[in-house]
Each structure stands twice: as C-alpha cells, then as structure tokens.
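As structure tokens, here come the structures.
In what comes next, chain A is part of two complexes: it sits with chain B in the first one and with chain C in the second one.
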Partner chain A sequence: MTRFALSLASIGLTLLGVSVVVFAILRLVPGDPIAMMLPPGATDEVRANLERLYGLDKSIAQQYLIWLGDVVRLDFGTSTQFRLPVLEVILDRLPATLELVLLASLIAGLLAFTLSILAVWLQTPLATFVIDGLSGLAQAIPDFLWALIFILIVTLFLPNMPISGRFDPRTAQEFSTNFFLLESLVTLRFQAFAELMRYAILPATALALPLAAGITRVLKSSLEEAMAQDYVMLAQTKGKSRLTIVLGEALRNAMVPTIALTSVQLTFLIGGTVLIERQFSLPGIGSAAISAVLNRDLPLIQGIVMIFALIFILINLSSNGLYKLADPRLRKPR
Partner chain B sequence: MSLLEVDTLSIEVHGAPVLRNVSLTINAAEIGGVVGESGAGKSMLGKAILGVLPRDARITHGAIRLDGQDLLSLSARHRRKLQSRTTAFIPQDPLTALNPCRTIGAQLAEVLPPTPRAHRLAEVIRWLDAVRIPSAAKVAKSFPHELSGGMRQRALIAAAFASHPRLVIADEPTTALDATVQKDVLRLIRELQQDTGVGLMFVTHDLCVVAKICQSVTVMHGGRIIEQAPCDQIITAPRHAYTRALLAATPRHDETGRGLEPIPPALLEQLITEAGTGNG
Partner chain C sequence: MSDVERFALSKETGTGSGLERSAESVSRLRLIFGGLVLGLLLIAALFAPQIALHDPTLDDLFLINMPPAWLNSDPGYYGIDNPWAYPLGTDSLGRDVASRLIHGARVAVIVGVSVACLAATFGVILGAVSGFYGGWIDAIIGRIVDVWLAFPPVLLSIILVALLGTTLTSVIIVVAVIDWTRFARVVRADVLQQRSRDYIDAARITGGSDFSILTREVLPNILPLLVTLFFFEIGIAIVVETILSFVSLSVSSGAVTWGDMIAEGRRVLNEAWWVMTFPVAALILTILALNATGDALRYYLDPVLRK
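Showing the complex of A and B:
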C-alpha cells in the first residue's frame, strides 16, 4: 500500500515538474496568442479586454497558479482555437490516437516476434541476412517517410484504398464512444471493423515498421545470447527440438531487454503520431497538437503535453511491472 | 556388448582436429573416468556422445554405438528422440545449467517418463527427496536463483537420473562446488549410479576424484588418448610419463607435506611433437 502511495506521489511530482517547465517555456517563446484571435484593425481596447478575459494581463507566476488551481478541479482551460474546454477537445481526440498507437504496437510486435524467432530458429545465413536486411531497411526509413511511400504506392496501384480520415463519412456508423475499432470489435460488428481497418492499416503500419525493426534487433540478439547458455544445451539433451527450445527456454530470458527497449521506443511512437495523423488527416491528439502550436493555442498545448507526459509515465510504470513478470529474479523474495 | 562404444572418433572444428582417433567403452553399471587438462577434448567427447556438438564441430571419422545402435547413422530427429530416453547429462556449472525463468519442478518434470499429470508433482518431489534436497515440495516451486549452488547441482543430478537413462555423462559435476559440497555430491552420484545400474562417464581433470569412484580411466591430452587402464593400475602403476606427471600435480589429502609437481614443459613439448608427427 505504501509502495502504491509512493508511486502515485512520484507521478504527481513528475507531472507538476513537466507543467512548470512547459508553462514557462510557452510564455517565454515569442508569439502572441491574442494577435492570432484579433480581427484586422481591432482597437487597443478590444485587445486589452481579450487579454483580461484570458488572464494574460497577469504575471506568469500568477497565471500558472490560476491554471494549476483549475487543473486540480479537472479544468484545463478553454482552447482559444476551438472555443471549447481543453479537456473536451482532448477526450474527443485521444481515442483515435490511442487506437492508432495500439494497432501500430500490435503490428510491430507481431512482425518483430515472428521475424526474430524465425531467424534464431532457422539459424541459416540466408534467413539471418534477409531478416537483418529487412529490419535495417525498416529502421533506416522514418515513419513519416514510410507514410509517404505507402500513400504513393496506394494512389498508384490501389485507388480504392482510403488514404485519409478514420472512416467513410458517407457510410458512417453509429458509435457511442470514439474508440471506433475497439467498439466495433466488442459489439461484434465485424463488417464495420473491417471497413475501419482499411483506414487504419496504413498509418498504423507506417508507425509500426521502425518500431518493429528496433524490437527485432534487440529480441533477436537476446534470443541468440540465450541460445548460447548452458541450460539450452541441457534442454537439447532432454530431446527438445530447436523450435521448442527457442519458444520454451530462450524467449522468456530474452524478454527483459526487449521490454526495456520497447517501452522507450513506444514513447517515440507516440511522438510519431503527431506527423502521421497530419499526413493521413486523422482527428487525433497529434494533429490537434500541430494546429494548437500553429495557432498559439496555449491552453491546448499545455493540456496535450500533460496528457503525453501522463502516458509516458504510465508506459514506464507498466514496463517496470512487466520486468518482474518476465524474470523471477527481479521479483521480491518470498 | 558394451553399453557405450566410441570407435576411433575424430572431430574437427574449422578444420582443426579437436579429437583424434578416440576409442573407449563403458559398460552398464560401470563408471568410466575421462581425465585430462583443459583443452584435452574430454568435454567435446561428452558432447559428441550426447549429440549436442556445437554447429562448427564436424565428425570426420569414427562411430558412436549405444547398445550396439550406431548413433551417427540415425537422423537428427530420431537420434534426439532415442537419446532423450537413453542418455542424460550432468553439467559442470549448476549456476548456468538451469533456466532462470522456470521453476525447478518444471525443469525436472519434463524429463520424467510419461506420467499422468496428477502424479507428476509427487514424482518430482520423490526425486528431489532422492537427492536429499530438504523441503522438496517447496523447492519444486522455487526458481533456480532461490537455491544454493550445491542444491542446484543436486536438482540437476535428479533431472539426469529421473529420465531412467541407460548412460549418464557427467561433465566435471563437482568442479564449480566448494570442497565439502563436492564430497557429498560425488557420493550422491555414485549411490544413484549403483542403485540404478546405469553406465556413467565421469569427465574430470581431477585424478583424485577418479581414484574414488571409477573402475576404468581414460587419460586424454590434446584430443588424443594417452593411456587407458583399470583405475587402480592408473593410480599405482601409471605407464605413460604424462599420467605420472598428472598424478604428481594432483593434491591428495592423505599425503601431507608432499609437494606438488607442475607438469614438466619438456613432456608437454614431447606430446605436441608426437601429435604433430601423426603418432596418435
């Protein structure tokens, strides 16, 4: 219980630190949010009124304390661009991003595990060459470039494949949440799910490829290292086939470095959604972040950064838990 | 017919010979010692018999027969299935030979002959008891890092005998243990061997250990056999100069005050020259 309270406190402290830094930076960089909102030829009086309305006439410290007081009551302010509460904008757009990240991680995990296990199982120079080559290629090209390549190929060869948006507005389905993919799965509407997947697969794969390459590299070398251990030779004398040994003996031992790298890469992946969502016109947090920056929408930027920080913290915490699940030596002694 | 017959076995690694014309036999219910310094090829011999040679090692000549069956003529799959039931291995280092992510019980249960699931745990506990591991039921659920080196080696010994093999190959099973534990483990191996009547190939660098438990001894150097004789003859009347030198270099508890003799460099040079001229 005390450990749980401690980790909650550390989450709170981290978020507080992030909020101070972001708040300060946003107000110190040049650029005037009020100027973005004013019509041409507005008088100084209108300007002063707006500044007072948004609290920008007060000192930065005062502004921060007011913001912090509101945040504690779950009020992140009002987006100057959408004229909506920041929390509403974020909750409206977060599902699209989370589904994209989830799908990309699934694709990356599937690719990485299949390829690494195949490479270590087959152990032939050709398999190693092909799989190292593929993962090198996937890693050398960044996700936004993969997105461009996919868009190019699809427009040339698969004109029916959608390259923007989450769904076809003409055949839009009724959903009670914004988690369209998950909801269609849970409610067993498989046809709707398949249709949504046609939209989701390209951005998710573009995000997934560099991640898959990273995981493949570390998983494959960890598996190879495990396969050189004494317990593997002992397992051979027990009559186990090589595939059984890779899956039953080596895989668990290769998990800790793989989890460590994946959790780091996952934070990059979430950063990567910013560009990918823009490229595929997905209404997620990432595209909201870009327009918030372009429009100097300070409350929204602040809110989005806090959400990203919270997600990063949760990823780190869960990877710590996963280490213990994978390796009994990291658990507390009984 | 002997249980194990190794017949003029030669092995190369990347074209360099590591075993040259090695022949030896081990009978059922007998312990055969294989003695030599590091690099003598004794572990390679054990791996060849078990069928777990490293990928870059190649058998260039010879045969390995178990109960008259030529193991090298079998398909890899057939050989693996056959040997999982007939041969077992006691490894050198108990700290690395158990999978750190799996419980002792799981690693022991998988070598048992087909056993109904409900009886498996009881059988595992029976084997842990048999190697005198205290609180066996708890140990069965433990992970390797929760046990001492001596306990882990006992669990490995249990795993070797639990598959009811005909032949057990022990590769320096006491080297990684401290002296007091060594004695117990050695006694345990000999007891189990006598109770089960398996043939045991005991690979070691320690002639003192050989003298205690082996019936016959093979002395190896540089991948070749130097001398092969019944154990008491090797200890009391070694014929080859290298065996005498090995004996002189072995500490013995019964002779206090006797100085240890390093192996004379001239002798090693002579052995290398002999090997070079193909005299072995």
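Showing the complex of A and C:
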C-alpha cells in the first residue's frame, strides 16, 4: 500500500514539474494572445478588460497559482482560439486521437507477430534476411517520413484514396459519440466502418511502422530463445510440427517479456500523433496542439501538454511494473 | 525519434549467435553504404556554391514547376535549350530543385552535427555524474529526466521554437535541450553497470581520482555505444529541423532547408511531385546512412560484439 502511495506521489511530483516548466516556458513566449483576439481599432479599455478577463494583468507566479487551483477542480481555463472551455475542446478531440493510437497499436502488433512468427517458423537465411531488412527499414525511418511517403504514393498512384480528414463530409454519418470507428463497429454499421477505415488506415500505418519494427525485434529474439529450450525438444519428439510449437509453446513464453519491453515504446507512438494528425488533417488533440502554438492559445497548450504528460507518465509507470512482473529477478528488493 | 530504447533493447537481447562471419560482412556493407552517402552529403555541404548550377533562391517565373530533365519533353516551352540545366526540375517559384537540394545539405549537416555535439556533451556529463555518484545527485537528475520524458518531444520543440524564434541557432539549441536525455539515460545505465566492475576498484586502489576514473576508465568503455548514439542523434536532429519547417516554424532567414522544400512540395504535390520527392529521398538516404554507419562503427569499436 505504501508503494502504491509512493508511486502516486511520484506521478503527482512529475506532473507538478511538467506544469511549472510549461507555464514558465509559455509565459515567456513572445506574441500577444490578446492582440490576436482584438478586432482592428479596439480601444485600450477593451484591451484592459480582456486582459482582466483572462487574468493576464497579474504576475506570473499569481497566474500559475490561480491556474493550478483551477486545474485541481478540473477547470483548465478557456481556449482563446475556440472560445470554449479547454476541457471541452480536449474531450471533443481526444476520441480521434485515441482511435488513431488504438488502430496503430493493433496494426503494429499484428505486423510484428506475423513477421516474427514467420521468421522463426521458416528459419531460412533468406526469410531472416528479408524480415530483418524490413524491420530495420521500418525502424530507421520515422513516422513523419512514412506519412510523407504514403501521401506521395497516394497522390501519384491512388487518387481515390483519401489522405485528409476522418471521413467524407458529403456522406457524413450520424454518430452519438466521437469514437466513430468504435461506434460503427458496436452498432454493426459495417459499411460505415469500412469507409472510416479507408481514412484511418494510412495515418495509423505510418504511426505503426516504427513500433512494429521495435516489437518484431524483441519478439523474434524472445521466440528464438524460447525455441532453444528443452520443452521444445520434448514437443518435437512428440511429433508436433514446428509451426504448432511456435504458436502453441514458444509464443506463450515470449509474450510477457515482449509486452513488458515494448510497452514503453507506446509513448513514441502517442507523441507521433501530434504530427501525423496535422499531416492527415485529423481533428485530434495533436493537431489542436500545433494550431494552439501557432495561434498563441496558451490555456489550450497547457491543457493538452498536461494530458499528454499524464498519459506518458502512466505508460512509463505501468511498463516499469510490467517489466518487474516479467522478470522475477527484479521483484526482489535490491 | 525513438531509437534509443529500441537501441538499448537490441543491446540486451542481441541478435543470436553463430553468425560471426555474416555480422562481419554486414558491418562492412553498412560502413561502405554509410560512408559513401555521408561522404557525398559532406561534399555537397562544403562545396554547395561550387557544385550547384544555379542560385538556390533565384525565382524565375518562366520556369514554374518544370519537371525533371528526363521527363521534360518540351524544354522549348520553358524557353530553355537543355533540360539538363535543371536536372531535377524546378519548384513553384521556378527555383532549381537540384541546387536547393545541395544547399539544403549544408543546413542539414550544420544542424545535425551541432545538435549531436551539444546533446552528447550535456547528456554524457549529466548521465555519467548521475550513474557514478548515485544518491541525491542521481535522484535530482533522474527527476529532471522524468519531467522531460513526460513531454511529447515534437510538441515541446514546436513550443520552444515558437518561444526562441525561428533562427538556425534557436533550432539547434531547442533540439539539443530536448534530446540530451537520450544520452543521459543510456550513459547513466552504462556507467552504473561499469561502476561495479573490478577494474574500477583497481583504479581506485591505485589512487585514481573520480575524474580520472570517469574519463580514463569508464568513458572508453561506453565509447562504442556513444558513437552509435551520436550518429543516430544527427539523423534525429535533421528530421526535427524538417518537422519544424513543415509546421512553418524553422529557419526563416532565407537559408535553404530540406524541410522548407518538403513543406513547399507538399503544397504543390498535385502539380509538381518532384519538389517534395527529392528532398524526402535525400532525407531518407541520409538517415539510413547515419544509422548504418553508427551500427557498423559500434561493431568495429566494441571488442565484445566482435568476439
């Protein structure tokens, strides 16, 4: 119980550090958010009113404490760009980002499993060479460049494939949540789902490729290690085929270390959404963050950075926990 | 922008055994490929004004969106005789793509190498101190690294460049400020591992100071890893510069960058695919060459890997 309390305190401390850093950085940004909101020819009085409204007439330390006090009550302020509560903007856009992350993780997992099982099952030098080469390529090229490559290929050779937005506004469907993909699946609207997937597949794959390579690397060597164990020999003498052994015996033992070692890489995927969303014009929190920076929408930037930080910290912590679960040697106190 | 963890992992898990000879030949191939591409890149960066056929910033409204030479069936339409005067075509302002590509290599090399040097210096010092001394120093540096890791790096770099202004120097500082943790974490883990070895005790018994133990005993042992990380970091820095240009936040002082070319090419992709394609290809080749060189050098420098 004390360890749980300790890790909670650690999350809180890191988040506090993040909030101080962000707040300090943003208050030093040149560029006047008030000036961007004012109509041309506004009087000084209007300006002073606006400054008071957004609390910009107080000192930075005061502003921070006020902001922190509000955040504790889940009030992240008002976006100067959208003129809506920051939390509302984030909650409105979070589903698009989460669906992108979910789909990308699924694709990464699927690709990695297929490739590593193929490599270990076939065991030929050619298969190993091709699969190592593919994963090396997928790993070296960042998601941002994969997205550009996809956009290039689609523009040149597949003009019917969409590269912008989440759906076709002309055939817009009615949804009661912003989880379009999940909702269309749950309500069994498969045609709508297929249409949404056409929009989602390219950004998700671009995000997925580097992660897929990372998982492949770990899973393949875990599988190879597992295949060298005695129980594999036993299964072989029982007359089981190599594929059955890989899928039935080795995979089970390779899964835990793989998940433990690669879960931390999920943060790269989530960080990557910031750019991918902009490249494919997806209305998620990543693209909102970039437009917030370009438009000096300070409250929105703060809110989004805090959300990202919370997600990152949780992933790092749980992957540490998984790692300890996977390796019993680490469970003992040092 | 995420190779370190993968990289650290690859170190732990290794790539099987009984492949010594193939590892040797793969490393040689990597070094040849990497050296060739990086050599070309360096030559382009050093001698850009001499190599480039045209001024990379010179507009020519008669030459807008001219395709590459081998696809240019009607050079007369653009009022030129020899399409090979513009081998890779022109962009939407009539500027020569090939010349811009060569001049862009300059910014890429400057940004990449400066960032890698800065990030490596800070990261190695903080990581080595943290791992070597442990205790409260380690706790403080560790907490700072934790805070850094809680930011999406791309978002943080966009925020910081918006803050510091879009000059070459600020781009370099920003990327280094964000990426030092990459070195710090790897170096800390490695120093921690080396600290408990017998040779450190031996050096201490013979009266070595902390500084001399760190620089003479520990550092040479983590050098192969550092070299690889250094090459990775160059690639990462070049990509981040491109990303900043892409969200219209990079070097604005008239310098030609691959990022600007890609951002511009993306806008005119439907009319002139070559404007984006060539810088993207150059960027990919550069990254692959940096990765290949880093991996190959690690193999040659690390006697344990070669054994």
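Here is the rule we use: the second predicted complex is superposed on the first by the 273 of 334 C-alpha atoms of A that agree within 3 Å, B and C clash if a C-alpha of one lies under 4 Å from a C-alpha of the other, contacts with A are read in each partner's own complex, and residues count from 1 in each chain.
Keep this in mind: contacts are C-beta pairs under 8 Å (C-beta built on N, C-alpha and C of every residue); 3 or more make two chains touch, one makes a residue touch a chain.
Owing to the predicted nature of the structure, the values given are computational and were not obtained by experimental measurement.
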* Would you check which partner chain A:Tyr54 touches, where first means chain B only, second means chain C only, and both and neither mean what they say? => neither
* Asked: For A:Phe268, is the partner it touches chain B (first), chain C (second), both, or none of the two (neither)?
  -> second
* Using the touch definition from the top, say if A:Arg252 reaches chain B (first), chain C (second), both or neither. => first
* Asked: Looking at the overlay, does A:Thr237 come into contact with chain B only (first), chain C only (second), both, or neither?
  -> first
* Determine, under the contact definition given at the top, whether A:Tyr199 touches first (chain B), second (chain C), both, or neither. => neither
* Asked: In the superposed arrangement, which partner chain does A:Phe144 touch: chain B (first), chain C (second), both, or neither?
  -> second
* Using the superposition described at the top, list the residues of chain A that contact chain B and also contact chain C. => none
* **Residues of chain B that touch chain A when the two form their complex** => 47, 50-52, 55, 77, 80-81, 83-85, 87-89, 91-93, 96-102, 110-111, 143, 145-146, 156, 159, 163
* Structure fact -> In the complex, chain A touches chain B at residues 123, 229-231, 233-241, 249, 252-253, 326-329, 333
* Structure fact -> Given the complex, residues on chain A that touch chain C span 13-15, 17-18, 21-22, 25-26, 28-31, 136-137, 139-142, 144-145, 148-149, 151-152, 155-156, 210, 213-214, 217-218, 221-222, 224, 261, 264-265, 267-268, 270-272, 274-275, 278-279, 286, 289-290, 293-294, 301, 304-305, 308-309, 312-313, 316
* Report the residues of chain C in contact with chain A in the complex, numbered from low to high. => 1-3, 5-6, 9-10, 13-16, 143-144, 146-147, 149-155, 158-160, 162-163, 165, 235, 239, 242-243, 246-249, 262, 266, 269-270, 273, 276-277, 280, 283-284, 287-288, 291
